[in-house]
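Each of the next two complexes has subunit A plus one other chain: subunit B in the first, subunit C in the second.
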Partner chain A sequence: MSEIKLIFTGPAGAGKTTAIAAISEIPPVRTDVDATDDLLAVKEQTTAALDFGEITLDDGSKVRLYGTPGQSRFAHMWPILVQGGLGLVILLDNTRPSPVEDLAEYLDGFADFIAETGAVIGLTRADHPGGTTIDELHHYLEQRGEHHPVLTADVREEADVLMLLNVLLSLLETR
Partner chain B sequence: MSNTISLPEAFRQSAEEILARLLDNTQGAYGVVLATIDGHALLHAARTDLPADRIAAMTSSLVSLGETIAHEANQQKCRFVIVENSDGYVVTLRISSRLTLSSFAGNDTNLGMLLSATRSASEALGKAARQPSETAQ
Partner chain C sequence: MTNTSVTIAFLDLQPRDRKLFESFLGILEGRSHKQLRIAQPGEPVDVLIVDSDARPDPSTSDVAGARMVVFYGAGATAHGERQLALAKPVRFWELQALLAATDQGDAPLRTASDGPAHGPCRLHRLLQDVDHTRPLLIGFDQWQVVTDPARGNFYFPEWLEELTPLCQADEDRLSLRPATEAEVRAAASSLRTGPLVRLWWEAAFVGSQGTLPAGIAPDTPVFLKRWPDLGVLGYRSFYAPLCAMIARRALPPTEIAERTGMDHRDVAAFLSASAFCGYLQTAAAPAAPAAAAHPAPASAPQRGLISRIKKRLGLGLPLAN
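Presenting the complex of A and B:
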């Protein structure tokens, strides 16, 4: 048995807390505080430090799941949370003005970690009218010279979140 | 991103006096930051350069972690989060549902006095925030 640490990141409201809650075998640890800024138009609370959950794989390995705060002023938590991590899930909210710009922010913010490990990208609310497409995200990645799996995901659904993790774990096994 | 809490002028003046008093009356104290619970700096007073915006966000993380750890440890109501460093202290507490107060002191301070002064300041701020003309809660 081994322990694996994976990190979920992405903009506020993309579904990091929801994704971890959807699959965690333990009651997830949350550090939500009341929002007092423009985020209130989207949600009432924001993660100020981290989310934490756990799952057990078929081979008995424990996977520890950490969610980062989404708002950029909490970016001090990002390098703390990725220590010892083996991979990153970047969740993008397709209802936001520019998921491509959001993706850029997180690829830049976690560049060193991604270079050492790996990342998978999950597009949430993918059917939002006028939103970004998987092809557009792939095109942007190509422009950056990067190659990461991109999937659509409803992070309220356990199966979708597990799919993201399975793709990430498969990616890590081939590195 | 701007926060929605506005500081009415009367509260701002009271708060500035309270923060200044904490610095003046607490040996070793060199900074104090009033912030929203989600990490926006509202007011600060300091004898040195203090990155209030970054500190406000970090102390928000501290408060949320302190409260979460207390709950996980089957303890009630986190009162202070105290960071003791080789050359000083950082103490943070929640004033109300939406405000936090953090104070910073060198190790020439008395920790008990610093905690007491910070608590007194937070009570004064809470009282000022509850005045009928105030909207900061």
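Presenting the complex of A and C:
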């Protein structure tokens, strides 16, 4: 049976682990995954952190919740991690220097997967002074010719995580 | 005066209906900072909900002592003051409005289920007559709400966290005028702050009373220019499937209701709010909004899987179509 997956991505500290923990039946497991960086010809193996959680459906099947390593140097892993996935949650941290640039990175890195499935974008710490606004993120999406839901979310709140997933799953249902 | 504790009793409700009410009440209790309790025998009752299909003509003794009586049924009608009618099945926001009505003291009760006296009601109607892109001071009885479009905020007294009483208030309790910069600054420093879009959305959603916005007929294709920020609106779980339905394609309201299985009044209220907040656009002919190519349609097994995931997460009913 192929794996059922929902993928969470975003920069470190955006709230991937917290979001998974909000709905996972098991405490999120952080797994170090071996990763090599061919471009830098690194001789030593480097590791990437991967968060893992799961929920059980009424027939006993499991839905795996994966939080990808967010750093761009692990972007070569992203297409492998999302194989067979249902959809993508992109979490952006509004305290970072440029959430718009972060968004660009994830939209580019997961472009094929998003085109096949769907994505929802959650802006965390949205009230951070001087941060990016929802309007600015939408404006950027319009420049790219893309049309994704962008929502303010506090992933410490289970209701907000469920809202993000409700939006993603509704998108997947109606495509 | 705000009631912080509300006791509720049921009379002749079917178990499924009672469960629905109790489920909604559980959610509302968390949002409204009220204690919502099922009344014990002999305890005073604030709200008595009577299944009017099972008991169409309750006796005086049946309803004696209840501060408010709600007749709940297919063709429910209210018979006097301190009585309301709710059609089956109850919707979350109707119950929300009903509880807000318990704050109205002994004033005659009205909820969104009542027919409008003069078209779209109250705050929403007043806002349509003014330039709401400029700061406004909204008087509501002895309280004030101030809008600050430049900062995207509105300022409100703490007890108005749930906006329903404001959005439902009769026009004779409301006043509207431009706010001065000094009034905006004073409000910003002394009142709570919220996103302005939430006030506009709620005013239009409630104020529409289940009617479509001007210029949109039941067969007018509409689509979302962009997704509303559901994280800052008074979120209702059915917003997600409605937004998803018209985010990638234009559909008429009748088809939206049919495909989602939702009441046409809920769809109309959603479209009214979307239009008022600038998210909605009509299409001359059914056409996709400017967007990337659509992904392949979800297969039936995948739709079944998504429904099961939604059910597991408590995310509401699957789409009808």
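Quick notes on this structure:
Rule of thumb we're sticking to: the second predicted complex is superposed on the first by the 147 of 175 C-alpha atoms of A that agree within 3 Å, B and C clash if a C-alpha of one lies under 4 Å from a C-alpha of the other, contacts with A are read in each partner's own complex, and residues count from 1 in each chain.
Everything below uses one rule, namely that a contact is a pair of C-beta atoms (placed from the backbone, for glycine too) under 8 Å apart; a residue touches a chain by one contact, two chains touch by 3 or more.
If you're wondering where the values come from, they're calculated on a predicted model, not measured in any experiment.
Residue by residue along subunit A, subunit B and subunit C are tallied for touches, and C comes out ahead.
Contact with subunit C, but none with subunit B, is seen for A:G118 once the two complexes are overlaid on the shared chain. In the superposed model, A:L57 makes contact with subunit C only, not with subunit B.
By the touch criterion defined above, A:A153 lies against subunit C but remains apart from subunit B after alignment on the C-alpha atoms of chain A.
In the superposition on chain A, A:T31 makes contact with subunit B only, not with subunit C. Contacts of A:I90 after superposition: neither subunit B nor subunit C is touched.
In the superposition on chain A, A:L81 makes contact with neither subunit B nor subunit C. Contacts of A:I7 after superposition: neither subunit B nor subunit C is touched.
In the overlay built on the shared chain, the residue A:N166 is in contact with subunit C alone; subunit B does not reach it.
Across the interface of their complex, subunit A is touched by residues 1-5, 36-40, 53-54, 57-58, 60-65, 67-68, 72, 97-98 of subunit B. Within the complex formed with subunit B, the subunit A residues making contact are 29-40, 46, 48-50, 69, 71, 73-74, 76-77.
Contacts from subunit C toward subunit A in the complex involve residues 152, 226-227, 229-232, 235, 237, 240-241, 243-245, 247-248, 289-298, 302-303, 305-316, 318-319.
The residues of subunit A lying in touch with subunit C in their complex are 4, 23, 55-59, 63, 86, 115-118, 122-123, 126, 133-134, 138, 142, 145-153, 159-160, 162-163, 165-167, 169-175.
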